[in-house]
Amino acid sequence: MLHLPKTVLAVGSHPDDIELGCGGTLARHVARGDRVIMLVITKGQAGPGDVAARIIEQEHAAATLGAELVWGDLPDGRVSNHELHLVHLIESVIRANRVQVVYTHGVEDTHQDHRAVALATLGAARHCQQVLTYESPSSYGFSPRVFVDISSAMDKKAAALRCHGSQVADSAMVCLDAVHSQAGYRGFQSRVGSAEGFVPHRIVLEV
Amino acid sequence: MLHLPKTVLAVGSHPDDIELGCGGTLARHVARGDRVIMLVITKGQAGPGDVAARIIEQEHAAATLGAELVWGDLPDGRVSNHELHLVHLIESVIRANRVQVVYTHGVEDTHQDHRAVALATLGAARHCQQVLTYESPSSYGFSPRVFVDISSAMDKKAAALRCHGSQVADSAMVCLDAVHSQAGYRGFQSRVGSAEGFVPHRIVLEV
Amino acid sequence: MLHLPKTVLAVGSHPDDIELGCGGTLARHVARGDRVIMLVITKGQAGPGDVAARIIEQEHAAATLGAELVWGDLPDGRVSNHELHLVHLIESVIRANRVQVVYTHGVEDTHQDHRAVALATLGAARHCQQVLTYESPSSYGFSPRVFVDISSAMDKKAAALRCHGSQVADSAMVCLDAVHSQAGYRGFQSRVGSAEGFVPHRIVLEV
Amino acid sequence: MLHLPKTVLAVGSHPDDIELGCGGTLARHVARGDRVIMLVITKGQAGPGDVAARIIEQEHAAATLGAELVWGDLPDGRVSNHELHLVHLIESVIRANRVQVVYTHGVEDTHQDHRAVALATLGAARHCQQVLTYESPSSYGFSPRVFVDISSAMDKKAAALRCHGSQVADSAMVCLDAVHSQAGYRGFQSRVGSAEGFVPHRIVLEV
Amino acid sequence: MLHLPKTVLAVGSHPDDIELGCGGTLARHVARGDRVIMLVITKGQAGPGDVAARIIEQEHAAATLGAELVWGDLPDGRVSNHELHLVHLIESVIRANRVQVVYTHGVEDTHQDHRAVALATLGAARHCQQVLTYESPSSYGFSPRVFVDISSAMDKKAAALRCHGSQVADSAMVCLDAVHSQAGYRGFQSRVGSAEGFVPHRIVLEV
Amino acid sequence: MLHLPKTVLAVGSHPDDIELGCGGTLARHVARGDRVIMLVITKGQAGPGDVAARIIEQEHAAATLGAELVWGDLPDGRVSNHELHLVHLIESVIRANRVQVVYTHGVEDTHQDHRAVALATLGAARHCQQVLTYESPSSYGFSPRVFVDISSAMDKKAAALRCHGSQVADSAMVCLDAVHSQAGYRGFQSRVGSAEGFVPHRIVLEV
C-alpha cells in the first residue's frame, strides 16, 4: 500500500509554541512527503521580543521545518475573548486546505491563550479523523499514551527552536536543555530514542 | 512507502471475547496482509456451553477472521491466581512470533478474568510499540479516543460472532443487536460508518 | 408512597440540543405527570436553517414532547461572552418555577456554547438536589453511569427530532441512525432496551 | 404511583463496614418498606475483638437497622485469594433473593479485602440496575455525586455502630465523631442536613 | 535547620472565599512567622451585603488572621471577561512581594469567578514552587491528598469567618456548622484533629 | 524551628526499584539527618543476574545512599499471591521503627509485583502522615504534582544505580541515560535543576 501524502495542520498560540510541542513530528511529516501548515494565532506581542523580530523568527522556523506558515490576527493574552472568531479562523484553514491531521495545545495548560486555542481547535476540527494535542512548558497533568519517534528529526526540532532567538534568550519557558530531556524521557516511555508525546482527542487508526 | 506486513496479537480471556472487542479490526489487519494471532487464555469452562463445543466454535471463528488460534491453559474464573504464569505465557507468544501490535481487554472491567488478562498483557507487552485495549460487554468507564473503521469488516465480525452459537443462544452478554448498536455509536463518534473503539496503552504512530 | 409531580428544567444551547441529549427522558417525565420546561439559550443563528424556521421547529418539538418552551436571548456561538447574564437567566427560570430537577450539557464538549451553558447551569442550579448532564454529538470523554430507560419513549424522541427538519437535512451532527445506535448502546450498558445516559453532577436519591 | 417494595443487598468485608458506609441509607430503605439484606464476607478474625463477640455485635447491628444478616465464609485479610468463590457467593445471594439494589465498597480503598469485595460485587451484580459504592475510613479519591439524605436515620446509624463495641473501643478507623463530621460534610455537599455519599457504578433512574 | 520565614499569598474571588478555603492554614503560617498576603479579586458586589460593609468585614477578617489585605478591582460575577488583566494583577503581587507559596481556588467549581481566579492564579504563579488549590462550598470533584493540621487554628478560622456577618446571615454557602463538619472530616482523612484539604498544583517538597 | 530528624521508609519490589524511583530523595533525607530504611520485598530471582550478586549489589547501593537495608522474603513475580503477609511485613517495619514518611511504587504500573507492593504499602501505612508514590520505568499514567529537588543528590543516585551492575548491563528497564533525561524533565516541570516526581497518597504539610 502506497503512502498517500496528507495535509497536516499544527495550531499554536504564539511563535515557538508549535515547535516546542510537535516540531519533530512536523519534520517527520515533511520528510514523508506530507504538506504541513503552521497556524500561529497571535504574534506574541505580550512576551519578550518585539513583534517584527518574532515574525521573522517564526518564518525562519517554519522554513527550517519545511512547513507553510499562516498567521492568525488575535491579540496575545486575550485570545479567549474572541472564541467564535477563533473557531471560524481555524475552520477556514481546515476547509480551504482539506486538512486531515491536526495538532494543537492540550487543554490542561496554565496559559490562558493555550487553553483557548486548544478548545477552539477541537471544535473547528470536529470532522477531522486525527486530532492530537501536544505538550507545552505550561502543560500540567499531561500524560501521553501516543508518541512519535523523532530520533531522526531532533536536529530539525532544535534548529527550528534556535530560530526563536528572542525567546531562547529571555523566556524561562524556552530552554533547549529541557527540550532534550523531555525528548529523551518521552523516548524512554515509548521504547524509542527521542520522542514527542501526544494526548489523542480522536484518532482513526489506519489498519 | 510500502506497507510492511505486521504480526498482530489479540489476547482474550474466553472464547468470543476477542471477536466482541476487536473482531472487525482483526479482519482489517488480515485484509491488509498482516499476520494475526488470537490467544485465548481459558476454554470458557465456567460459562454456558460445554468445553468441546466452545473449542470448535472458537476454531471456526478464528478461521472466519483468517487468524491463527493459540490456546492458553488457565482455569476460567481463576486466572488471577496464576498471574506470573499468565505473564510468561503471553510473553512467550510475543517473543516466538515477534509480535508488534497487541490488543487486549481494558483494565476497568467487572469480570475478574478480564482484569487479570488486561494487566498481564500490559506487562508482557512492555517492549511492544503498539498496545491497545478493547471494549467488552462488562467494561465500565471505557471512553475511547482511538478508533478503527470496520465498515468493510462488519460482516466478518458478525460471522465470527455467530460461530459462538452456545454464547449467542445463552449468554446475555453476547447480543448481536447490541454489537451493531455499539459499532454504529463508535462509528458516529469517529466520523466513519461502523467502528471499534480503543483506549491506547501505548502507540508509537508511524509519521 | 404516591409520586408527587416535579418541575423539571432542561437547558440547551441551540434548538435540537435538548432533544438529542434527553428528549426521551423528558417524554418519560411528562408521561409520569411532571411539568417539563425546555430553556433554549440561543436561536441557532449560526447553524444551518434560518432563525424563523428554527423557532417554529423548536416549538413543534417541545409540543411533541409535551413540554413548555422558554427562549434565552444569547447570540449563537458567543454565549461565553455573557457568562453572568446566562447564570442569571437560568437562575430566574429555576426560581420562578421552583425547579427541582435540571438537565444540561456535559462540560466536556467541543462546542464553545455547550461548555458555557453546561458550566452556567451548574452554577445556577447550585441549590437543586438533582442536576444531570447529558450527551451531545460533540461530547468527548462522556462516560455515563446513570441511565434512563427510554424504550417506551423512543418514538417521541425520534418524532421531536424530526421536527428539526433544517438540521436533519443539513447538519452532520444530527443523524437519526446515530441516535438509534446510541440509544441501543446505552440501553445495553444499562441492561434495558433503549436508554439515555447521564453523568450526574448531583443526585439526592429518594430512598 | 405507589412505591413497590424492593429487595436491597449491602455487601461488606467485615463486621461494621456496611454500617459505616451506608447504615443510614439502609435504615431509610427499611422505613420505606424495602427488604434489606446485609452480607458480611468475613467475621473480622484479623481485627480487634474476638470472633464470637463480633458475630453478636453484627447481629445486634443488623437488628437495629431492621435488616437480615447473611454471613460469608472467607478469611479476613485474604479475601482476594478466593475471587471466584466470592463472586459465586454474592451471585447466589442476589439470585436467591431477586435483589434489585446493591451497595458495596468503593474500589479505591487501601484495605485489600475492601478492594476484593468491591470488585467481586460489581461482577456478581452485572445484571442489577442499581449498584452503588459507599465510602469507608480507608477509601481514597472518593468523590461522591450521589447522596442519600439520612437526617431522619442518623440516630439509627449511630446506634448500629455502637453495637460494634469492640471496634469503637479499639479501632482507630471506627470513630463516632468522625462519622458525624462526615455525615454533616456530605449533607452540606448535597444541600440536606446529614447524608451518605455514593459513587454510582450503575443507576437506572426511575423517571 | 532553622525555618526561614516565607511570603505566602492567598487569592480569592470574593470576601470570605479565602477564609473558607484556607483560613486555618493562613493562621498557622502567621503563627510560624511567615508573612501572609490576602488578595481579594472583587468586592462581592453581586452577593448579599453592601460593598461598604463587605470591605470592612474583610478588613476585620484579615486582621483576625494576622494577614495583609490587597484588593483587586474586578467586577463580581464577570471576572472571566478580564482574564489578561487578572493574570497581570496576580503576577504583580507575586513579583512585588517575592511570593513563594500560593493558595487559590480549585478549578472545578460551579461559580464562574472561582474558576477564572483559579486558572489565572495557576498562570501567574508559574514560577512559584508551591501552589495549592483549596476547597469552596461550590467545589465539586474535590479530592484532596494534601492536608494542613488546623487543630490549633480552628478558633482563628471561625473568628475570621464570623467577621463576614453579612454572609453568615444571608448566604446559604457560608455555614459555620458545615465549616466544622468539613474540618472534622478532612481531619479524619489526614489522621489529625481538624484539617483543611488541598489539591496540589505543584509542590517542591523540602526534604 | 529546628528540623527534627525523621524516620523514612522506602519500599520496593526488587533490587534497584527504590533507587530508580526515589534514590535522590533518600540521599537528601540522609544529608538532612533523617534515618532512612530501604525495604526490598524480593531478591529479584526472576530478573537478570543471580540472587547472590543482586544481594551484594543492593547492599552496596544502600550503603552508597547511607540507608539501612531490610529484606522481605517474597517470591519475585508472585508477590500478589501473598497479600496479607506483605501487608503484615510492611506494617511490622513501620511499627518497629516508628516510621513517619513512606515512599512506594505508584499503583498504575505494568509489573504485577509493583502493583502489589504499592497497594500493600498504602494499607500498611494507613496511619502515617506522609505517603508518596514514586515513578518506575514500568509506570503508566504517572502525572506528578509533588517534586523533590535532587540537583545536589544526582551523583549519589547515579552511583547507587551503578551498584546494580547486573541490571545496568542486562535490563532494558535500567538505563542511566533515561534516568538523567527523566530527572531533567521532572526538574523543568518543578522549576529546579533535577528532580524526582511523586504522586501523593497523603501528605500532612508542616505549615
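We just call them A, B, C, D, E and F in the order they show up, numbering each chain from 1.
Criterion: a contact is a pair of C-beta atoms (placed from the backbone, for glycine too) under 8 Å apart; a residue touches a chain by one contact, two chains touch by 3 or more.
Computed from a predicted model, the values in this text were never measured in an experiment.
Q: Following contacts chain by chain, what is the lowest number of steps it takes to reach chain F starting at chain B?
A: The fewest steps needed to get from chain B to chain F is 1.
Q: Consider the two chain pairs A-F and E-F; indicate the one with the greater count of contacting C-beta pairs.
A: E-F
Q: Could you check if the interface between copies chain B and chain D is built from the same residues on both sides, meaning over half shared, or from different ones?
A: Different; most numbers are used by only one of chain B and chain D.
Q: Where centres are the averaged C-alpha coordinates, which chain has the largest centre distance to chain D?
A: Following the centroid criterion, the farthest chain would be A.
Q: Copy of B-F's interface among B-D, A-B or C-D, judged by over half the contact pairs being the same?
A: Checking each pair in B-D, A-B or C-D, only one repeats B-F, namely B-D.
Q: Tell me, please, which chain's centre (mean of its C-alpha atoms) is farthest from the centre of chain E?
A: B
Q: Could you state the distance in Å from the CA-based centre of chain A to that of chain E?
A: Result: the chain centres lie 35 Å from each other.
Q: Provide the list of chain A residues touching at least two other chains, using ranges where the numbers run on.
A: Residues 80-81, 127, 140, 145, 201-202 of chain A each touch two or more of the other chains.
Q: Using the touch rule from the top of the page, what pairs of chains touch, sorted by label?
A: The list of touching pairs comes to A-B, A-C, A-E, A-F, B-C, B-D, B-F, C-D, C-E, D-E, D-F, E-F.
Q: Under the stated contact criterion, what part of chain F meets chain D in this complex?
A: Of all residues in chain F, those touching chain D are 80-81, 83-84, 87, 119-120, 122-123, 126-127, 201-202.
Q: Can you list the chain B residues touching chain A in their complex?
A: Those in contact with chain A are residues 1-3, 25, 28-29, 32, 127-129, 145-149, 189-192, 195, 198, 200-205, 207.
Q: Tell me, which parts of chain B touch chain C in their complex?
A: Against chain C, chain B makes touches at 137, 140-143, 145, 175, 177-178, 180-185, 187-188.
Q: Would you pull the chain F residues touching chain B in the complex into a rising list?
A: Its residues touching chain B are 46, 77-78, 80-81, 110-112, 115, 138, 140, 172-173.
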